[in-house]
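Down below are the structures I want you to see.
Okay, so chain A shows up in both of these, paired with chain B first and chain C after.
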Partner chain A sequence: MDLLNALVAILNYIIIPATAYGAQLALGALGVTLIYGILRFSNFAHGDTMAFGTAITILVTWGLQALGISAGPLPTALLALPVGIAATAALMLATDRVVYRYYRRVRAAPVILTMVSVGVMFVMNGVTRVLIGVDEIRFADGARFVIGPQEFKAWTGLAEPLALRATQVITVVTAGLVVAWLFWFLARTRTGKSMRAFSDNEDLALLSGIDPNRVVAVTWIIAAGLATLAGTLYGLDKTFKAFNYFHLLLPIFAAAIVGGLGSPIGAIAGGFVIAYSEVAVTYAWKKVATYLIPGWEAEGLMQLLSTEYKFAVSFAILIIVLLFKPTGLFKGKAV
Partner chain B sequence: MKKLLLASAVAALTAGGAFAEEVKLGISLGFTGPLESMSPSMAQGAELAMKEVSDSGKFMGGSTVVPVRGDSTCIDAAAATATVERLITTEGVKGIVGGMCSGETTASLQNVGVPNGMVMISPSATSPALSTIEDNGLFFRTSPSDARQGAVMTEIIMEHGIKSVAVTYTNNDYGKGLADSFAEAFKAAGGEVTIVAAHDDGKADYAAEVGALAAAGGEALVIAGYIDQGGSGILRGALDTGAFSTFAFPDGMVGETLETNFGAEVNGSFGQLPSSEGAGKETFVAMAQAAGFDGTGAYSAEAYDAAALILLAMAAAGTTDPSVYKDKVMDVANAPGEKILPGELGKALELIAAGQDVDYQGASSVELIGAGESAGTFREIEIKDNKIETVKYR
Partner chain C sequence: MRAPVFFAIMALLIAFEGSTRGWNGALGILNMGLISAIIALGLNLQWGYAGLFNSGVVGFLALGGLAPVLVSMPPTPGAFAGGGWGILIALCIAVATIVATVWLNGRLRGTARAGAIVVTLVAGFFLYRGIFDPAVAVIEAINPSAQGNLGGLGLPTLLAWPVGALLAAGAAWVVGKTALGLRSDYLAIATLGIGEIIVAVLRNEEWLARGVLNVNGIPRPWPVPYEIDLQNSADFVARAGAMGLDPVTASTVLVKLLWTTLFASVLLALLFAAQLALKSPWGRMMRAIRDNEIAAAAMGKNVTRRHLQIFVLGAAVMGLAGAMMISLDGQMTPSGYNPLRYTFLIWVMVIVGGSGNNWGSVLGGLLIWYLWIKAEVWGPELMSLVTAQLADGVVKQHLVDSAAHMRLIVMGLVLLLVLRFSPRGLLPER
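Let's turn to the complex of A and B:
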């Protein structure tokens, strides 16, 4: 019984939340890494792209709700996603046309493009706020829990609650599907192959007749899709607040760099590494230890680091990885 | 020797306003900076009291009071110190309403206020550290210390029969001060605090904080944070994982968002927030409206009271000399005496002139305790049927 309690506590407070958060970070990091790999710059506007996509999705969700359309037990926002993705993709393509294309044509250094993306970030920041405001918005509807904490306790008779939210399941499942599709797309389709070729060696790709404009456009569309998806899933799981998406940029970049910039599989691994390290290192193990070692009451909280330091943890990992493996865990491009 | 004493007494009397003069009062508030939106209605509150006293014609033989504004910036201690220095040395003010924020107030008080023997009454600095500061009896405040809220929260939690709590606070002076003072009061009352953990505002994920709080356990969770910021994320996480079901909410967490975003989920949880009520506040709001500003603005009423206290203390001491009238502030603020509400400053001046005691109530039910800070009225709330309901005032 005590063993089960310990297991449930670990599941409830570490594994489930960290997995959902990891999946959200992984989707965000995938977008960053894709742009880095193919367009060759760190896109600082990614967090605000996520916010913009989510804002559109929320607006459409409200429209659907007003019309009385719902997805049953699933959040209505999932129905609104395609519109959000389309709008974000259109915005991305327009931005590329107006801003990035010029810098590509003059073959600007990556650091200049990065600075340009900071400018784009501020503009999108403003656009999102004008569009939907600065307030916190909750737009999750449908079933809230797959397993509710109180029901679980009543059902199993355990002392520890276990909660599994519908949004957490949706997040992980969707992330899995999308990642599988992305890998298939990159490895098997003609467009995917041309994107990888363009990423590996731009000049050679151009010589072999790959249309650069097409590769760039497809990259932006996929990045917009990933950003909107990541933003919406994050917003469903937590809440939407434009300011928080801007802050999300930090762990997302940490994840992408730890995994190896430019490496899709690395982005996913990095997302989970960052999420798990944030949660597990600052967890207070007292309760679990008390369950596991009968007859012994832990003195303190058995907390390795207090929660103020959770960001220090992810950055420590980042620094260690960069020191010993500058290309990241999965051999991305050196930064 | 006798002659000298006599001479100085005569000098004090003449300086003390036997003749009508112009008395300058400083207003040192953060007109720029993070609280710039609050400052105007606070300054207007203070100026309203000054105007009322001037217009009554009964202050120090018909003296008028002239406000002098200075920008304390709220966050820049050096700028606030320079401002207060200018008010004292260049403008020659006889008392200061300010500062606004705790850190800046401490700096300007210690560097300029105390060395120059200037009375400062802050309407809004709430840090517990200001209760014990070395002030030579020159510093007062018309807002309650956060330590007081810690004590009130302890009472409320104890009355709910809860003996062990986990505490999380937003990682700034407000959160830390409140959490520390609460933890101290709660332990002193025989309760157990399982953990005091900080959370940062505006972060992407609070799973780590919720995990640590849940592991530490407790019958209720005290969230000393902001409902529009990280406090909301912590509350969401704690509810969703089933870690806690009862919560205690201090002032930063009691807001409309709590009802709209959490509603039924926090039924049965409770909290408190500083709040003045009653005739004094209503009168003040009406007066403010007539004067063309919003009297319901945060700390506007307290600013009115701060200015009124300085002026009544001057009248009671019969002098505008800060080193003399500082001893009268507590007398005019507290019982015994006739209760004085906003708009009755003229009456108070008459009573004082007639040698009678006054008990200044003002707009925020002023009652100065300890080292000269407001006891404050707290509104105890409980969430019932998805709504924040007032239980009582304490």
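Let's turn to the complex of A and C:
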């Protein structure tokens, strides 16, 4: 019984939250890695792109709620998501046209493009704040739990509760579908193949008649979609606060680098590696230890690091990978 | 001829501010502008001389800010005897563990290496926590409402400034050692991480600098008196009266002027040194490395070592500025270290001023800081002017409320416009 309780506690406090968080990070890292692979720079504005997309989605959600439209047990935000993605994609394409295109034409060094993305980050951060303010916003509605903690206890008779929130299931299912579609798109369609060719060898791709403008535009649209999706799912799962999305930049970049910059499969693996480590290292293991070792009362919380240091976990993993395997788990590219 | 013109304009802006809105505020902007100029000089060493992308300026600044707390604050009675040694021993164990890991990594191969490293790290971590946690508990229990931290050494504040530089340089050495020599973006991400972590440490380690409880009353450096002492001094009141000033205004302006003198002398000394370095063979080598790493390496220059050297130097300047800033504020508020404000705004200063040009960084620091402060005032004024015709309501209220965030957009646009149309900045290199 104690063993079961320990397993349920691990499932409840580590596996389920970390899987949802990992899916969100993976979506974010996919966007970063695609931009890196095809446009060849580290996009510092990605966190704020996520915030912008989520802000639009929230505004539309409020509009739908005011009209009395809802998605039943699902959060209304899912209905608003296409609008959010469309708006973000439009903004990204406009930004590319006004800002980034010039630097591609003069073949600027990647670090200059990164610098430019810092400027874009400032603007998008300001726009998001003007749009929706700086307050913390909860916008999840619909059913709260798939498995409620009280029901679970009553049903199994265990002392430990198990909660599976609707937003967590939605996150994982949506992320799974989108990633499956993205891989099908990259592997099977003509546009996807031209994107991979462009990423592998730009000159050769241009020589074989691939239209670079089209590849770049599709990349921005996909990145905008991934960012909005990741941001909205993160906001549904936790809360939306414009500034928190800037701080997501570090775990997202860490995930992309750990997986290997430019490698989509690596981004997903990296997202889950970072998420599981973060949650496991900042979890207080006392409860689990008490179940597993009967008759022993742990002194402290048995928490390796306080939750405030979760960024330190991403950072430590990043440093370890940089030291031992600079190209990442799945061989990324080195520009 | 551009530089004197721009600096004259800058002086006029400050003078205009002083004569229209009072000298107290104008000198306040100038003082923080001087500190910003020093930070920008540090970043210019890294970016302008060597092309290194440091996105963790805020961390080096915060680490420098720790120095006045640890050096110039009076010691907390009993804290060091109670837990100070425990913490020092624990930190030594942490360092020893890492050194041992690096050593094992070089010595062993295969599974033996992985096993030995894991065992060392795990054992070291638990030993560290076993000594560290009780020591922290002792310190944090001492008079928690006012102290509860290690306190300082009670040494003069001016001594704390170079210590701040040393602290930042140490952190930069560790980051640079791991991330330099790899691809350029990796340094950007690694510094972003170290910046976040240093600020997180300051926010959470209450034994160190009281975390979010803030440390107040950090002493001022030698020549700067306190306003209240001046106002209580009969001699000062009489002299102010003789000049036709009331003692309160006179004391605040005098104190600010002394700060200005102090900061300006540090800035000029650093500027002088940076200019000398730039024109020396060392500076030419740095620029050669920046412009063509492969050619420089072929000439026998050790690119990674030189990068590490200049990265550490730049971070030391930032740490110095961080310590100066905390002395000026008189308090340590870790939650105030916002990366947009303390990392990316500094980038705007360097780029707008002209990367690679030390005078440009100084100009950028002063000018962008002035704009940043004034945009906070101008934004709402402009917005209320624009929305004057609008009926009162939710939309108008929202627009007026959000006007303060406009300065982020303005700074982003300034950066983008300069990068696009004048990438060499206001004062181009050479």
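Operating definition for what follows: the second predicted complex is superposed on the first by the 323 of 335 C-alpha atoms of A that agree within 3 Å, B and C clash if a C-alpha of one lies under 4 Å from a C-alpha of the other, contacts with A are read in each partner's own complex, and residues count from 1 in each chain.
Heads up, the rule we're going with is that contacts are C-beta pairs under 8 Å (C-beta built on N, C-alpha and C of every residue); 3 or more make two chains touch, one makes a residue touch a chain.
Everything numeric here is computed off the predicted structure, so don't read it as measured data.
Participant: Aligned on chain A, chain B and chain C: do they clash or fit?
Facilitator: Partners clash after overlay.
Participant: By the touch definition at the top of the document, which applies to A:Val279: first (chain B), second (chain C), both, or neither?
Facilitator: In the superposition, A:Val279 contacts chain B only.
Participant: Per the contact definition in the header, classify A:Ala163: touching chain B only (first), chain C only (second), both, or neither.
Facilitator: So A:Ala163 only meets chain B here.
Participant: Pick one for A:Ala9: touches chain B only (first), chain C only (second), both, or neither.
Facilitator: first
Participant: Who does A:His247 touch here: chain B (first), chain C (second), both, or neither?
Facilitator: Both partners.
Participant: Please work out whether A:Leu91 is in contact with chain B alone, chain C alone, both, or neither, and reply first, second, both or neither.
Facilitator: In the superposition, A:Leu91 contacts neither chain B nor chain C.
Participant: Quick one: classify A:Ser306 as touching chain B (first), chain C (second), both or neither.
Facilitator: Both partners, chain B and chain C.
Participant: Of the listed segments of chain C (98-106, 206-214 or 296-304), which one clashes with chain B in the superposed model?
Facilitator: 206-214
Participant: For chain A, which residues lie in the overlap of the chain B contacts and the chain C contacts?
Facilitator: Correct list for chain A: 247, 306, 308.
Participant: What residues on chain A touch chain B, complex-wise?
Facilitator: Per the stated touch rule, the residues are 9, 12-14, 17-18, 21, 135-136, 138, 148-150, 152-153, 161-163, 165, 234, 238-239, 243-244, 247-248, 251, 275, 278-279, 282-288, 301, 303, 306-308, 310.
Participant: Which stretch or stretches of chain A touch chain C in the complex?
Facilitator: Touching chain C: residues 41-42, 44, 99, 102, 110-112, 114-116, 118-127, 129-131, 133-134, 246-247, 249-250, 253-254, 257, 261, 300, 304, 306, 308-309, 311-312, 314-315, 318-319, 322-323, 326, 334-335 of chain A.
Participant: Show me the residue ranges of chain B that touch chain A in the complex, using the header's touch definition.
Facilitator: Residues 171, 195, 197-200, 202-205, 207-212, 214-217, 228, 232-233, 236-237, 240-243, 257, 261.
Participant: In the complex formed with chain A, which residues of chain C make contact?
Facilitator: 51, 53, 55, 125, 133, 178-179, 182-186, 188-190, 192-194, 196-197, 200, 203-204, 339-340, 344, 347-348, 351, 398, 401-402, 405-413, 415-416, 419-420, 423
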